[in-house]
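Shared between the two complexes below is subunit A, which pairs with subunit B and subunit C, respectively.
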Partner chain A sequence: MTAPATNLQKTDAPVVASVRDLRVHFKSKAGIVHAVDGVDFDVRDGETLGLVGETGCGKSVTARSFLRLVPMPPGIPVSGSIMFHPRQRCTACDGAGCVACDHTGRVVSTCPACSGTGCSTCEQTGAETLDLLTIPERDLRSIRGNRIAMIFQDPGKALNPALSIRKQVAEVFYAHRSDELLASAGIDPSSHSLPTGLLRRRATQQSRTLENVLLSLPPLRSRRSAITAAADDRVAAALAETQIPNPRAVMDRYPHELSGGMKQRVMIALALACDPDLLIADEPTTALDVTVQARIIELIKELQQRHKTAVVYISHDLSLVRRVADRTAVMYAGRIVEVGDSEQIFHEPEHPYTRGLIDAIPGAHHERGRLAAIEGTVPELIDPDPSCRFAGRCDFAAEVCWTRDPALEPVGDRQVACFIHHPPEHGEAPTFDRTAR
Partner chain B sequence: MQIRDYILRRLIVLPFLIVGVSIIVFGLTRIGGSPVAIYLSHEMSSEEVAEIEARFHLDEPVPVQYAYWARGVFQGDLGWSGVAAAPVTAVFPNKLAATMELAVASAVVAVSLGIGLGTYAGARRNKLPDHITRIISISGAAMPLFWFAIVMLIVFWVYLGWFPIGRSTPEVFASISHPTGLYTVDALLAGNFKAFRDAIWHLVLPAITLGYGATAIIARMMRSSLVEELQEEYVDAARAKGLAERLVLRRHARRNALMPTVTVIGLSFGFLLQGTIVAEIIFRWPGLGRWMADSVLRGDRATIMAYVLFTSVLFLVVNLVVDVVYAYLDRRVVLGS
Partner chain C sequence: MTAATDQRTVLAVRDLKKHFPIKDGALQRVVGQVRAVDGVSFDLLRGETLGLVGESGCGKTTLGRVLAGLEKPTSGGVYFDLSEQQRTELDQALRAGQGEDLAQLEAAHRVDRLDATNWRRFRRNTQMVFQDSFSSLNPRHLVSDIVGRPLRVYKEASGSALTERVVGLLEQVGLGRQHLYRYPHQFSGGQRQRISIARALALDPELVILDEPTSALDVSVQAQILNLLHELQQNRGFTFLFITHDLSVVRHMADRIAVMYLGRIAESGETTGLFDDPIHPYTEALLRANPDLTGDDEGFRGLEGTVPDPARPPQGCRFHTRCEYATPDCGWEIDDVVLQLEDTPALFDKLVGVERRSPFDADLEFVDASAAAALETALHGDEVPSSMKAAIEQVSVGAQTVSIKFREVNEVLLTPRGNDRLAACVLDALPSRD
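Coming up: the complex of A and B.
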């Protein structure tokens, strides 16, 4: 499969989210684990950004940080920001796509502090800017599952075994689309009468036992059923979008009654239900059968294009990421070591670690049979010294690599963190010529 | 299997189990000597004793005695209680009502407090509420009931005088009729608030005392299973949907955490029933437990057998209910396999 032709246009697409100097550590008996230790990258509107790296390098922690799902404790939030620019439905075309919204159907929400003229909160962009790591819990909840959604590695674990598929998908609509549900049920959401209050609490899942009793009796009963029916319609439509056959029947099933691929489709339906700006897919096919993997990948791509959603696609498989991602960020031991266009990275890797990864793919660059695995193991992430994290496994490491930390800096269209590309101010720079092989 | 089929199948097995249990207990009541002693007094001549033995078929071999007893059960005759000086069937309903009222009240205390405390502690793991709950639970599980009951009695009845003992105040008891024998229900049926308050007032101390041990067990189970469930990925997935933490806790984690707890609740009901014997003696509660204790001490076989019959049925029904509730909570469970 070749790279999507849209690659080059995507370079100047607006940024949906930018991660800056993200550091998340963990307290452990042996010391502080620097699981994510200074990660920087941008996700652009509508693109797929691949995040690759070996197991334990901090991919999931980075992903979970977007929605503040890293357990704290043991996690320690050290520093960093994740600036998110939410979008809203384009009013000119009502989401159909027009020139004003660049055919995405969505436009950037304007900064409420300056109404779009540019101020310090939005860094003069005029776009609404939220730091996901610091906004209040309430605001974060309205983003979770709505503007930013997440798919997990194992759908068997991410679905609640005790609740039907219907209930689990409907929850998203109750959480973020209660006004629409009320409107579909023929109830004026802006009314302040007591029955509407009760129904609104029902549509936002706040009803307590006593209220539920009231709602199950006439005269509220029929309107309550209308809300449920409105939610059911949306659940069925969301499931149908992921090509689940016979969605109305699947709705009444429980997770254990579905296959792994089916469960992941449910997770995808759930994630895309509210048309998010950003979808974070943490190894969405790793737990699935090989035969199912390809179909799930295709489905994510297809839905992404239809919804114009930006995707962060996490995987430890570089050749898979090359297929799905427009751009790729390579992660090593809690850091991003190289970011850029997927094809470019694949054909001319700049960072020694990326080179090693590509060499390790059978038949990628070499004659058949040549398999070059990277020697050595990932370094201890516990209280690391200031040095290049890769120095212990790097064929080109020089003196400086052991005493200084290379920063992620531009190299052509790309960014690379290696002294070969950015010679240090003092000391001899490493070069690709000085191979130890 | 359908839940209804499962219940039916279990109910069919019930009589066989009861026959088995009753045979064993019938045999055991012979160990303390002949059950005839309860019917005798010092003035009786040996002819009179023989006559009584013949009347109660005690001169026959034990298996024949059992057959007579079983025939009686089928005819609705559970024998003569020497302790109550009346037919067992005449005394049983009232005693049963007293015990059930106490057991249900304790169960309500234990289940609501246990689940509530366990959830509260589990959601605040290693914080102060969790530590306090742990102390409550460990003391509840470690204290012998008879000792705890005596302490409660001394503190709340003797010193503070906050709660009465016994089952009701005589004047209040006489003021209403008692169609069900459950004093709280009778008071409600009569629409008599004073009687209702009196019934509740008498219930509080024994119910809390008796329920404390079960509360401790249920709270501990609930806490640990909730802590476990909260680590599951579906909890994070629920948060990732944008659900309020209250919903994440109640609808997602707690529901799954209840599954192992339901089993423990079923078990602790047995524990409660056993406890009624001690609690009824100490709080002068005129229920089955106290009657049973007297009957065991005096070798009143008819009463012991009636009690055994009743508890076996109750246990089997409770187990059945637990299975069904469990299957309802956990859809992966296939009943009967």
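Coming up: the complex of A and C.
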């Protein structure tokens, strides 16, 4: 795995996003479903955080909350915050990487309210802080795909089948980099003349029919095609970065003409086009073959190292997360049960659920028919009682597990939500040696 | 490992092919064949579990469907329920070609030539569990109908006796009487897969074909289902054909494994041996790409390139286009040159036509002489694998054409490698990695 030195570095790294007490519920006929019920974690700059759990544990809802992609209704935002600290290009080296920005080419944006001295809006950190759950939709639009990007599970469904790859990827640049496009086309973006206005609207894909007619007339036509050419160059560069052979030819293809692995590469190119601070990958390889999956993982890792992007990697596959993530958070029934360094978690799981999951993966050491299955099924999340969500399937559950909620508290370098590690003040605590397995 | 106690062969598969026609044009003329399964042979002994692994599109599901009698094979045969002696006779008869012995054996055992009685016997003894339990259980039928249907079709039971049999089956798979009168949508994924298994076991079949039975399930539920399958096999002596892409699962479940690539078996053998010491480079690539909980990051690596078009499988060894150990004898051909050209659009746009004398020998015609010359230089460049360069016997540049002739090689066949292992590779063993 990653060398200890880099791990240390990563734990010291500044926090890019912190999720606090996130609760997202859903209305249903049977009652309120507590899909995500009090989730806390931090994502640090440049690290990969793995988010693992079984179907329905709330990992996708958590991820989608970052970009407010959970449909409301039926979703109900109950409480919580996702504090995001956007970063900006390092002024000392202009993005090339220097000592001031720790060779990332980026520095933390300063808080606009106090200009970096520390105030109540930025919780005395001096860094610009945005609560992704409350900022206006307009501001969020400038973050989506720009500062925070997302890769979805099924690239076949995430790409628009009616648009060529060129148009889909170019859209990112038109939406977030229109000034750069104008500049590369030799147009001064700050000018207020009518032609510039028309071209600016063109570069943000806002042109109406009449404007398009005007733009196709000789005086503007060449400059319009310069904008298109600038966008094309960027699209080709973005595709080339994900090791797509022959990007110029791929640009004119439609999604159905590409293989699954190639489509996922296009998705990654799209996501990383604007050099985001945070990349959310929601099961990006589940629909792919193992051989292709391994290639995509290598690619994500390599690009992450180059861009120094923080990645939240969501998967149900523990063995994969072990390969990918620096830190891992294990989710169960809307809660995080254990979070910590990946190597530690997979080597010595502390929470009974994590233990169960790891034992359930068939390996060379298992005798056939003796897989340690976790008996029972995930509990209904409709109006749950205060109790440990895992108590019904836990081999070690004691009285207290049925009556109180364990909180996520530190154990060594990790955080675990279990009474085994945090005995309650009253009543008998569960222990690992209660029942021999 | 459960050793097969009885040497009866449940299924003997001999040079099985299943091709699907590609139709085109207004008249729907057949313009090609997708060779989904293209010459597969193996034996399935009673009581053993054979794992069938491969990437998507390698033909493993089609093979499963042909074996279950759901598709008619294009050529080759599936022979059902042979004794040791009959199997030897079959192999002799097949080697000898047409004959009385063969005709007799085929009438009684070859699946696509069985008479009505034997066909019924075959069908009830071969059951299938499908990957997607959402679409393989009728949403408008009750569980009692779904699980009881095979018993009713074969007139095994009716009325209250049928209900009791169904309850018995449900209890075997960990469900109970309370689940009888429910619909599939009222169950979780794991429970639905249990219902599928109960239905497959209803007639006490000889062979159960499991097509990705756990790939839609979570690990904790997958473990429950795998334990259940093992227990059922122990108690009732089923033969399993376990089709999956998950190497960890197949390693856990199978006695023997066959690795498929592009319609062919690349390597087969006993599970532990195959995992510890793969012979075929494709097996090795699959193992390296499989993330597991042990092992370090060093070995974890993907595979370059994509699966070739099964309508035009590569010559020689089918894996040579992606193989890192490829030699000049692996079957380099004209199509490989065309593939290289596709990556250099400047040249590819100038290609007018390819006139093939054989898959190994062709004239490539370009619009101008400079493009032809450029191809010749490209063939000596770094982009071309060195083994491919070595396989070129002759290149001659004409006015606008380039004639290329590759070394002709035969199809790489499965050869015995000791210890019950078969592999289709020109190499004797994988080169060591030091």
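Note that in this section the second predicted complex is superposed on the first by the 423 of 437 C-alpha atoms of A that agree within 3 Å, B and C clash if a C-alpha of one lies under 4 Å from a C-alpha of the other, contacts with A are read in each partner's own complex, and residues count from 1 in each chain.
We adopt the following convention: a residue touches a chain if its C-beta (ideal position, glycine included) is under 8 Å from a C-beta of that chain, and two chains touch if they have at least 3 such contacts.
Nothing here was measured: the structure is a model prediction, and the numbers come from that model.
Student: Mind checking the superposed model to see whether subunit B and subunit C fit together on subunit A or clash?
Tutor: Superposition check on subunit A shows subunit B and subunit C fit without a clash.
Student: Looking at the overlay, does A:V172 come into contact with subunit B only (first), subunit C only (second), both, or neither?
Tutor: Only subunit B; A:V172 stays clear of subunit C.
Student: Please work out whether A:I143 is in contact with subunit B alone, subunit C alone, both, or neither, and reply first, second, both or neither.
Tutor: Only subunit B is touched by A:I143; subunit C is not.
Student: Quick check on the superposed pair: does A:L270 touch subunit B, subunit C, both, or neither? Answer first, second, both or neither.
Tutor: A:L270 sits against subunit B, while subunit C stays out of touch.
Student: Examine A:V24 and indicate which partner it touches, taking first as subunit B and second as subunit C; both and neither are also allowed.
Tutor: So A:V24 meets neither subunit B nor subunit C here.
Student: Give one of first, second, both or neither to describe whether A:L159 is in contact with subunit B, with subunit C, with both, or with none.
Tutor: A:L159 sits against subunit B, while subunit C stays out of touch.
Student: Is subunit A touched at more residues by subunit B or by subunit C?
Tutor: In the superposed model, C touches more residues of subunit A.
Student: Touching A:N246 in the superposition: subunit B (first), subunit C (second), both, neither?
Tutor: second
Student: Between subunit B (first) and subunit C (second), which, if any, makes contact with A:G261: first, second, both or neither?
Tutor: The second partner, subunit C, only.
Student: Could you state the shortest Cα distance, in Å, between subunit B and subunit C after the structures are superposed?
Tutor: In the combined three-chain model, subunit B comes within 7 Å of subunit C at the C-alpha level.
Student: Hey, what residues of subunit A end up touching subunit B and subunit C alike?
Tutor: none
Student: So in the complex, the part of subunit C that touches subunit A is made up of which residues?
Tutor: Against subunit A, subunit C makes touches at 1, 55-56, 188-190, 218-224, 226-227, 230-231, 234, 245, 247-249, 251-253, 275, 285-286, 288-294, 296-297, 300-304, 306, 342-343, 345.
Student: Quick one: in the complex, what on subunit A touches subunit B?
Tutor: 64, 67, 69, 141-146, 149-150, 152, 154, 157-163, 171-172, 175-176, 205, 254, 256, 267, 270
Student: How about subunit A: which of its residues touch subunit C in the complex?
Tutor: Going through subunit A, the ones touching subunit C are 1, 54-55, 245-246, 248-249, 259, 261-262, 289-298, 316-320, 322-323, 346, 356-358, 360-364, 366, 368-375, 377.
Student: Okay, in this complex, where on subunit B does subunit A touch?
Tutor: Those in contact with subunit A are residues 232-234, 236-244, 247, 251-252, 255-256, 259, 329-332.
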